[in-house]
Amino acid sequence: MMQQLLTAVPLILIALSAAPALIIFMLPERANRTRVTINVAAAALKVGLMAAMVPLILRTDVAPELRIPFLPGTDLVLRIDSLSLLFTLLSALLWLVTTVYAIGYLAGRPNQRRFFGFFALCVTATVGIAFAGNLVTFLVFYEMLSLVTYPLVAHYGTSGALAAARVYLFYALGGGLLVLAATAWLTIVAGPVEFSPGGAEAVAALARDHPGVAIAIFGLLVAGFGVKAALFPFHSWLPRAMVAPAPVSALLHAVAVVKAGAFGLIRVIDDLYGVELAAGLGVLTPLLVVACFTVLYGSVRALLQDDIKKRLAYSTVSQVSYIALGLSMLSVVATTGGVVHLVHQGLSKITLFFCAGLVAEVWGIKKISQLDGLGRRMPLTAAAFTAGALSMIGIPPMAGFISKWQLGAGALDAGQPWVIGVLIGSALLNAAYFLPVVVRMWFRPPAEIREGPVENRTRPVLEAPATLLWPAVATACFAIAVGLFAGLPFSPLDVAGHIAERVYR
Amino acid sequence: MIELSVASLTLWTGALLTGLALVRLLTVEDLIARLIALNLTGGGTLLILVGLAARTEPVDPVPQALALTGIVITVAFTGVGLILVRAVDDDERPSRSADGRAHGHDEEANA
Amino acid sequence: MSPETTVGPLQLSLALALIVTAAATLYSRHRLTGVVLFLVFGVFLSIYWGVIGAPDVALAEAVIGTGVTGALFGYTATVMPRPAHDRRGSIARTIAGLAGGAGIGAGLGYFLTRAAAAPPGGSGEPVGLTGQATAAVPATGVEHPITGVLLNLRSYDTLMEMVVLLSAATVAVAFAPRSDAGSSTRGGAPASEQRGPAAPPIVRGFVSLVAPVVLLFAAWLLFAGSTQPGGAFQAGAALAAVMILVQTSGVGRLRIGPAMICLLLLGVLAFIAVGLGGLVLGDAWLLLRGEHAGTVTIALECILAVTIGASLAAVFLASAGRRR
Amino acid sequence: MSALLPAAVLLPVITALACLALPRRAQPISGFLGGLASAAVNAAVVVAVTSHGVLEHHMAGWAPPLGIALRADGLAAAFVGLTGAVGFATLVFAASAEATTGRRTGFWPLAMLTWSGLMGIFLAADLFNAYVALEVLGLSAVGMVALGGRGAPRAALRYLIVAVVGSMLLLTAIGLVYAATSTLDMDLAGQRLTAEDGWLPLVLAATGMGLKTALVPMHAWLPPAHAGSPPAVSPLMSALVVKGSFYLILRLWLDVFPRNDAVALVLGVLGAVAVIWGGVLALAQRRLKRIVAYSTISQVGYLFLAFPLLNLPGHQPAMVSAVVAMALAHGLAKAAMFTAAGALMLGTGTDHVDGLVGAARSEGVLTAGMILSAVSLIGLPMSLGFTAKWQYLEVALQTGAWWIVLVLLTGTLLAAGYLLRPLAALIRDSDTHEEVGQAEIGPRPAAQRWVPLALGAMAVGAGLFTTDLTALTSIGWG
Amino acid sequence: MTLLADIVTVLAGLAGAGFFTAGTLGLLRFPDLRSRLHALAKADSLGLGFVSLAVLVQADSAGTAAKVVLVWLLALAAAATSAYLLAGEERP
């Protein structure tokens, strides 16, 4: 009975996020109240269920699995292992928070049914990606994610939004095609391959027999996932997609879409090839170089942006490459750093996007130059923004510091000291584009505001409505807590360590 | 006369007929002439069909039955073709024609 | 007319005549000359079929391929106003067309004769199904092999062929001139189609003389079909000829009304009923053996003839009926 | 059990007779009931084939080579199933409103005759009988196309001429095969036909069927015919009628003609050109129905792309199941797309893309149907289109046919291009009023909303049943 | 008996051919429609009469003979009616 229950768990979790989508699509546009309750209830239930699963998965090392016959020879496999658990927990938590934020943000706006419907579908895709047991299932949900996020990016329906959404879709579909080609090739050459910690032996056999093919497939896969992970040549869709509403930018471009690409890289490097094999093939160093370049390039471009959301977008481009950086170094500590940065960056970046949304919503401020004296006007928002910014820079005891510390230690352990230089350089650059904002907020006299709602301008202190403010503050607290209590069991760092060890066994 | 079996004569006539009619079919633009060319191609093809199989002493009944069916099918297609020619003629002639313009809205929608 | 194996002067001259009239029809200057030359071509083709020893096909070509098709073309060409510009193609284009056509025909002919000359597939049994077919015909209750093949050995082909005719008839019903749009009259049409000028007495006399004879001829064709060339299709076409004669001469006036539609349905319905009977009595669709097979076939042929006649007449009415 | 096969062909004919006899008001009811019965018989055939294997029925009790046999193996059963599903769905759509069936009577009997012609082809085991069934299909399809609006009779006439020329090429090929093998039964002819006799009939039959399936050089007749015909006819044309002639050349290729690599390569290359050229032309179109019509030309290219791979020893069963999956995926998705386009056209009075801006707001279900069908047409995961392309990729990669892999990928991107532009217009609702005016859609009857969604959902959902489809297709296979 | 029949057939055949050629010559040479109709209707019907006589003699059974005569009569009726109609068309 236990075993039967376990195989049903992945399906229940996916159904839990897909069901609200279907129900929401059925409900008429004006049924706001029911829509809100469904959303929040489903999200809360999911977080609860995931939290209950954590001890079970980590300690007893059982991996519930579900197989559905799909293609001749390869099945759809849904399996929960520690890595997918970490990613699903993160996305479930942030889905809850962002839903609350979106309800406040979109109150009174048209097309909410379509928004929340596709929003729930997008989370379903993310959960599907997390649970994918082999490349085919991963690809199915990866492409579904691209399709489902298109209407979200194009939500406002203006020609600008449509153009950005079209660019995003073609990048995503192009990436999907690369992954499709690689998966087909791999399936033919090495047979149906499943993810298993430390790399699949069929892939190892392939690498031994004809390394050229293995490298080519690795290149295709990394390129395919790199598109969504916004690695250097494929990153330009991310800043353009900032035209979407704030909750979309927050969840998607800080957590779901970008992290799907990063998660894909983790699966390929850790669970398909295995780090030692990839290092042996010599494919890790080029990835490392690209990652480092993206880190620096992203930070430099962020420095030049005056628009808040654009700056945050380029910061995401550089931060996600930290994960790629961590993965492509042959050391347990580096891999742990990479995996844990997935969570830390998610928490900090979503706080920043929330604050950007708040500021734009209440005061109509879109430019950094208009942020003078925000500390006085919106103390709590400013505080949350500051926490997020410090975490991004990597100031102790914030979450960012923990992962950067791990990456640094990993670089030493992996015998590539020059990576530390890159880390320090990027930390300085982060400081260069975040600290002036913080300083401007707290120590500058409030600038007078031209655009935005008239009646707000004169009010000295005006905080955002509760549904918008508290999610931002909550994620800020999570970022701090994760940093402070990193040493505890079941903290993201501990789980990441657990994952990394199994990869190197 | 030159020794040439009936079958190959039929074959050659059929082939030449089909060739001539097919080329003219593709070049002429008057609809009725096109349908005539279609009929000639049909006749040529049936000649080929029976010519190919007519080498037994009493001509093989099966290809004859096939040819008969072919003729009936050709007349069915020609009939429908002519009905369509009339319909095209009614559509494209600007002067009013007897059958009224029903479904105005459906009309220009399909233009 | 047992066919000589070698080509005599008659066959050769007929073949030549066929090619020449075909070229003339295709490249004729005016639409009506094209139709008339098409009729001439039909006559030559019918004679040619007869001469090479396929009497059934000759009869079918004469009655259907030339008779009914000729009538359809003739009336449609005359009723439709002449197009603004007639086909003034230049001589050079005609020559080029002819040369091109002859070239393609020669190529096709070369390959076909090469394929036909090759000995049939290694099985070495006599070419074609003549032997087996003639052996099986007695069991079909009909002596004439062609009718045996058409209505028993390959009766399913004939059934599908009737469905093709049914399809043509359905298009005819759909495009029938509004005034007699069969059962689905949608709102009164303007002045119902009058009969045109009253038929001159000589025409009425001619029709009243010829129509019964053709009807008799159709009946004879039908019953002769079981022993010698003839059969349902030729009889049906003769019936259609009578109907067309009556319609165009103005003696009577046919409408694609409920009566006509009922006739259209009858043939296919009867064929399917026979098929079902074959399944119920024997164990296969369209099974028709045993002593009364002949009578059932004849009965079926009668109904088929009526339906074929009605279908061809319906197509004629839809394409050649007066519009104004 | 095998008596089911002739019933599957003749039941639609009986329904057509009933519809012809009834006035136009009563035709939808009888047509719907007939369609239901025919779909049930189709389903019975598929079930019978899965449980009993190959079914064969000797008509009039005569065994081949003298008599005619009807045969249903796995390949035929797959297409029979497709006809049942798409045919019935389209009839439901047609029953929703009289405007969907064109301005003249005659849609219902002609639709049922088309259904019968299709079944005649799929179940034919005799060459000449397949030709006659092809004629039934051709003539009733021409009739249906002609029911459309102003330009329809001219497009129908052009289609008629194409259909007749194609059939005559096939008839000549049948004559040649009969001359060489003294039999008209497909299996017997296949056993006896030798390579040097077989190439000419193959070339003729391939040209004829290529013409009727609108393979690229001979595709000009398709868009006016499919786009100009009434809303209920276009799905039948693009989803089913085109498949009839393709199935015939596939059947002849597999059962009758000996292996011929040159012709296979030519068909493959033409298919590749069709995929690209069809896609490019579709990109240039402004009217929704024309985009979908050109998409048919591109998707037919995929079907012919399979021929070079069909020939390779050892890969035939896999490739056959790939082609069948692609044909079924295109059938379902294209029917969904055309019914949706038809419904939108009837609602807004025009099918120009700019006239449909923001239709998604009031017609959400319809748009969902179009999105699902677009997913399958582009070949995005989970859909049957994806699994079909996956099987193509697998065989192509195993045999090192790199150009086919390239064509498949570019085709996917092209399909994404020309399908997403109209969809974007639908989704885009310019609440900020800087855009083109909003499209007001007249209220659509329920059937016109739910049929496209059902078909689209089937096109995507069927992806999960690919292994069952492969099992079905391989019944009766070496 | 057959010798006599053969002679009759040859003679009647030649006569028929002669009349047909006369009719065709008339068609080519005569200036207007009516005179051409005149030539054609009369000469060809007579020619056909001779040809059917030639065939009649060879007929093996009464049935075939009756059919040949029937053919001739029908051809006559058709020629007369069509000539009348054509003439009628061109009223002066």
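We call the chains A, B, C, D and E, going by the order they appear; numbering starts again at 1 in every chain.
Just so it is clear, contacts are C-beta pairs under 8 Å (C-beta built on N, C-alpha and C of every residue); 3 or more make two chains touch, one makes a residue touch a chain.
The structure presented is a predicted model; accordingly, all values stated were derived computationally and were not measured.
Asks: If you take the chains that touch chain A and keep only those that also touch chain D, what is left?
Replies: Joint contacts: the list comes back empty.
Asks: With one step meaning two chains touch, work out the least steps from chain D to chain E.
Replies: So the least number of steps between the two chains is 2.
Asks: What chain lies farthest away from chain C once each centre is taken as the mean of the Cα atoms?
Replies: Taking each chain's C-alpha mean as its centre, the farthest from chain C is A.
Asks: Greatest Cα-centroid separation from chain D: which chain?
Replies: If we average the C-alpha coordinates per chain, E ends up farthest from chain D.
Asks: Can you identify which chains form the pair with the largest number of contacting C-beta pairs?
Replies: So the pair of chains linked by the most contacts is B-C.
Asks: I'd like the most central chain, judged by C-alpha centroids against the all-protein C-alpha centroid.
Replies: Centre-most chain by C-alpha means: D.
Asks: Distance-wise, how many Å sit between the C-alpha centres of chain B and chain D, to the nearest whole number?
Replies: About 26 Å, centre to centre.
Asks: From the mean C-alpha coordinate of chain B to that of chain E, what's the distance rounded to whole Å?
Replies: Distance between chain centres, rounded to whole Å: 33 Å.
Asks: Indicate the whole-number Å distance between the mean C-alpha point of chain A and the mean C-alpha point of chain E.
Replies: Each chain's C-alpha centroid was found; their separation is 99 Å.
Asks: Between chain B and chain C, what's the gap in Å when you average each chain's C-alpha atoms?
Replies: 12
Asks: Where in chain B do residues touch two or more other chains at once?
Replies: Within chain B, the residues that touch at least two other chains are 18, 22, 46, 48, 52-53, 62-63, 66, 69, 73-74, 76-77, 80, 84-85, 87, 102.
Asks: For chain C, jot down the residues that touch at least 2 other chains.
Replies: Answer for chain C, listing residues that touch two or more other chains: 112, 115-116, 126-129, 133, 154, 157, 161, 164, 167-168, 171, 175, 186.
Asks: Considering every pair of chains, which are in touch?
Replies: A-D, B-C, B-D, C-D, C-E
Asks: For chain B, which residues are in contact with chain D within the complex?
Replies: 18, 22, 25, 31, 34, 38, 41-42, 45-46, 48-49, 52-53, 62-63, 66, 69-70, 73-74, 76-77, 80-81, 84-85, 87-88, 91-92, 102-103, 105-111
Asks: Which residues of chain E touch chain C once you look at their complex with the stated criterion?
Replies: Contacts found on chain E: 70, 74, 77-78, 80-81, 84-85, 88.
Asks: Which of the residues in chain B come into contact with chain C in the complex?
Replies: Chain B reaches chain C through residues 1-13, 15-24, 27-28, 30, 32-33, 35-37, 39-40, 43, 46, 48, 50-56, 58-69, 71-80, 82-87, 89-90, 93, 97-100, 102.
Asks: Which of the residues in chain A come into contact with chain D in the complex?
Replies: 25, 68-72, 76, 110-111, 114, 139-144, 147, 151, 154, 156-159, 162, 165-166, 169-170, 173-174, 176-177, 180-181, 184-185, 187-188
Asks: For chain D, which residues are in contact with chain C within the complex?
Replies: These residues of chain D touch chain C: 3, 6, 10, 13-14, 16-17, 20-24, 57-62, 65-68, 70, 104-106, 109-110, 113, 116-117, 120, 128-129, 132-133, 135-136, 139-140, 142-143, 146-147, 172, 176, 178-183, 192-194, 196-197, 200.
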